[in-house]
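Okay, so chain A shows up in both of these, paired with chain B first and chain C after.
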Partner chain A sequence: MSEIFGIPVAVILGQLTLGLVNGSFYALLSLGLAVIFGLMGVVNFAHGAFYTLGAFAALLGLQYFGINYWAALLLAPLAVGIVGIIVERLFLRHLYRLDPLYGLLLTFGLALIVEGSLHQVFGASGESYPVPDSLAGVLNLHFMFLPLYRAWVIVASVVVCFGTWFVIERTSLGATLRAATENAPLLQAFGVNVPILKAATYGGGVALAALAGVLASPVVLVNSHMGTSLVIVVFAVVVIGGMGSILGAIVTGLALGVIEGFTKVIYPEASNIVVFIIMALVLMIRPAGLFGKE
Partner chain B sequence: MNFRTLGAATLAVFLAVMTQRPALAAGDEVVIGDLDDMSGVYADVMGAGGIESIKMAIADFGGTVLGKKITLLTADHQNKPDIGASKFREWADQNGLNMLLGGSNTGVNIAMEKVGAVKKVPLFHIGPGGASLTNEDCTAYSIHYVYDTTSLANGTATAIVNSGAKTWFYLTADYAFGTQLQSAASKVVEAHGGKNVGAVRVPLGTADFSSFLLQAQGSGAQVLGLANAGTDFSNSLKAANEFGVTKTMKPAALLAFISDIHSLGLKTAQGLYLTTAWYWDLNPETRAFAKRYFAKMNREPTMDQAGAYSATLTYLKAVKAVGTTDSDKVMAELKKMKISDMFTRSGYIRADGAMIHDMYVMQVKSPQESKYSWDYYKLVKTMNGEEAFGPITGLCPLAPKK
Partner chain C sequence: MSAQLLKLSALNAWYGESHVLHGVDAHVNQGDVVTLLGRNGAGRTTTLRSVLGLVGRRAGSVMINGCEAIGLAPHRIARLGVGYCPEERGIYSSLSTEENLMLPPLLGPGGMPVDEIYAMFPNLEKRRGSRGTHLSGGEQQMLALARILRSGAKLLLLDEISEGLAPVIMQALSRTIQKLKEKGYTIVMVEQNFRFAAPLADRFYIMERGRIVEGFAAAELQGRMAMLHEFLGV
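What follows is the complex of A and B.
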């Protein structure tokens, strides 16, 4: 077996694949954050909590209503999206005129409340969500055995990510959304209901987080703090990609998953800080992020 | 800021600090503190359930000792050594703390132990694994109550090596507990003619273990030694199943709690060997305690929660026996007395602070073998205290090697 820098090629390919799986989650989550920040100017610290809520919605739906995985994939983001819209209508919309810091504080507080309540009710150790039978197998990639479910995660998230990018950057709906950030009063003068548009944007953004939560639930234990550590990494991804840049969030998410994967082979102890080291470097060299506009 | 406002601010802060001090006439109550992880990865192992079992012990003791009311302080150390140490110091200085228990995190417990030694407050370590707490890090005021890395490794590693699986690869939580657990297991493996092939150190709280499992699989070892705990343990075993690692390697839980097995489900956890200090379904006494606990918490207690109950009772019995809360006298009594309750029938505290008691090697039942809810373990072997905890090493100055 040939080697690169003393590491067998099979290992490198294996880690590349696993990195893509993690990168898929980063991409989906940072995409939602980027959409919310880019179109609304809200730094949504509750993103991790919505991700956790998505996973819990799937778990409880299965336990109490027998809702299967495929239905949960649709219903959980829908339910969480509606919660998001309620949050926007009740709280967030009052803060648009103020400094973005207020939105950050509000969403941070919301995250603490949601995670604290889940912890209170379900405890810390969490529960297992079974892998759906149709995705239970293992793929033989010759350099490694990849559980079919993980392959599905990559495919699903790449499709959703680029679908979202296409809607926002290439359709008239997306153009209207972007116009709402550029000049809301003018858009309103054209007869577009901007407040509803903003509520829907926030709902859509957190629904993406919930979708990531449902996708993650068969992979990790569903517990109250599953989103806490993840959201910090995802913020770093968004900062590296450029705040508000949608393509930046997707590409950086996938790339950082892969870089993290390699760190796990070369120097595992650093695998949970490598993203932040890159963030610091990017902030020094390109403060607006890799894909951000200066 | 001019000098006048600076002065006023200083005065205000001073007054605020002074008025915060509780009006405490020293010694009109006996204060027990529980500092633990209440919100993080170990919160189900002790956490709120631990508080409940301490309360049960206080109530069972009658709520008073030496005619003084027993009060309980609790706080979350968030797995941060600085928070644990400063809270302990605050309680000792301001609240008249008489005894502290808890921890669940070797790193935090080492930091707290230093405070206990300075403030002369007995500290019952519940939940941290690191055997260094009764060796190079030992103090005159600390007691390691439930288990340590030595006894865990002696149980699980011995059972697995003797079953014929000789080569080991470790997934190790990258902090004091994980590394101590790995080195303890490595010694046991070598002593029984096995071989340690490799290890990978994983940051605490990692969600995705697949990379590390691939490395383990690539090592060709027969045993996957999981030198981690709590959510880390559950997530690594879950991923090991998913990637088919458990088909080629035998997983060994060097520390697993019944709460972990409950989270994972028997389908994933079946066949796993683990070592525990206590199990709810061992005998009539353990079942009686578990039943009372279950009525309050709707879960079966972990060995830590049962241990916290026992440690509280043991401390209160010692205080009653010597008729004072004076730490030196209580510690002397603790190291003399026999401990016999639903946690252990024949425990005693050694000079180095280790509580020596039976440990049980268990194997997780298959879903077919499990007859009722929480029926998870079958007993493989009971190790007596001396066998489990091994001889005094001499690393602790309090206990010279014989």
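What follows is the complex of A and C.
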């Protein structure tokens, strides 16, 4: 087998593929953050908590109600989306006229409450969700053996991300969303119920986070803090891609996962900080982000 | 035909702490074109925005087609059949021309079919794939007007639609307004350009410091020119 800089190509390709799996989660999560920020101006710090809630919903659904993986993939995001809509109606909508800092503080507080409560009830150890039988195999990619489930994560995330992009950029519902992002008061003066549109968008954005949580549940330990570390990286992804840019969030999410994987091969010690180094560089050169306008 | 489609009584409006409208009283009959005249800052744009609830706070009464709209949210007011064309035109840059046109939801029956709109504004059809803000100023103005015609609005609030347009475009726009009037639309215009507004309007109101100071019919225009000079310098 050939080598690059003394590292076997198979190892590099393997890490890149695993990076793509992480990138899939980054993309799904940053997509929701970008949509929410674009339309509502809310920096949703509770995003990681909704991701955690999605994973818990799947796990508890299985343990207590026998809801299988495929149903959970649909039901958990739906349930978490409804929770999101309730949060928007009860709290967030009162903050739109204020500085974005208030929304950030509110969602940060929410995240602490959710994670603290889960910790209290379920403890810190965590459990893993069984891989569904139909996805239990291993794919032989010749340079590596990729668990079928991880391949599924990549495919599902990419399909959902580009599906969301398609809805936003190519449909009339998406045109309404883009218009609301640009000038919401005028849109409301045309007869569009903008308050409901905002609530639904928040619900949809956090449902994407919950979907990522369900997808992640068989590959990570489901515990109360699974979202905490992830959401920090995801915020860096959104900053790099440009706040409010849909395509930017997707592409940057996937790309950073791959870059992280590559770093693990050539200099493992830096793999946890490479995203933040890139963020710092991007902020210095293009403060609006790679895909941001301004 | 003389039913009042819009009636403002003791309308007050605020932007934050600043009190902008101080008791506006005015009415617009069904099928009429009414023009609000006045200097910049007299409160004409705020009057239009207050009808739709696009100000910070408002008090008094706004009756639209017999419904009290003072406590309603903007989208509910629009659904009473109100179409709004803002001064800055409000064309969305992230939407194509066609998406801009199709953006407002249908408010009721009798919206102008898209074919008829494209017949009225052929340029919009030619450029329907372009970004809304890549159109010329005149085309953007046509688009801002066209999209509220498609929605089925019957009461059109038009803010400075002739502003910044070349004379030939302005003439085309004037013919369009004339056509809309013949079709029975009720129109409230805010106009700086007296020459544009004068031949179209059935009735004029003059605003000064957030109040209506004078209202008269088009037939009385000649006798009021001296006063108009005084208020507007036209």
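Here is the rule we go by: the second predicted complex is superposed on the first by the 294 of 294 C-alpha atoms of A that agree within 3 Å, B and C clash if a C-alpha of one lies under 4 Å from a C-alpha of the other, contacts with A are read in each partner's own complex, and residues count from 1 in each chain.
Methods note: contacts are C-beta pairs under 8 Å (C-beta built on N, C-alpha and C of every residue); 3 or more make two chains touch, one makes a residue touch a chain.
Small disclaimer: the values here were computed from a predicted structure and weren't measured.
Trainee: Is A:L16 touching the first partner chain B, the second partner chain C, both, or neither of them?
Mentor: neither
Trainee: Touching A:E269, do we find chain B (first), chain C (second), both, or neither?
Mentor: first
Trainee: Once the two complexes are aligned on chain A, which partner has more residues of chain A within touching range, chain B or chain C?
Mentor: For chain A, the partner with the higher number of touched residues is B.
Trainee: A:F190 contacts which: chain B (first), chain C (second), both, neither?
Mentor: After superposition on chain A, A:F190 lies in contact with chain C alone.
Trainee: Please indicate which partner A:T181 is in contact with in the superposed arrangement: first for chain B, second for chain C, both, or neither.
Mentor: second
Trainee: First (chain B), second (chain C), both or neither: which does A:P147 touch?
Mentor: Touch status of A:P147: first partner only.
Trainee: Scan A:L78 for contacts with chain B and chain C and give back first, second, both or neither.
Mentor: neither
Trainee: Show which residues of chain A lie in contact with chain B when the two form their complex.
Mentor: Interface residues on the chain A side: 8, 11, 14-15, 18-19, 21-22, 116, 119, 123-128, 131, 138, 144-145, 147, 149-150, 219-221, 223, 225-226, 229-230, 261, 264-265, 268-269, 271-272.
Trainee: How about chain B: which of its residues touch chain A in the complex?
Mentor: 39-45, 47, 174, 200-203, 205-208, 210-212, 214-215, 218, 230-231, 234-235, 238-239, 242-244, 259-260, 262-265, 268, 299
Trainee: Taking the complex as given, what residues does chain A use to touch chain C?
Mentor: It comes out as residues 172, 175-176, 178-179, 181-183, 185-195.
Trainee: Could you please specify the touching residues of chain C with respect to chain A in the complex?
Mentor: Of all residues in chain C, those touching chain A are 52, 54, 73-75, 77-79, 83-84, 86, 90, 92-95, 99, 102-105, 107, 147-148, 151.
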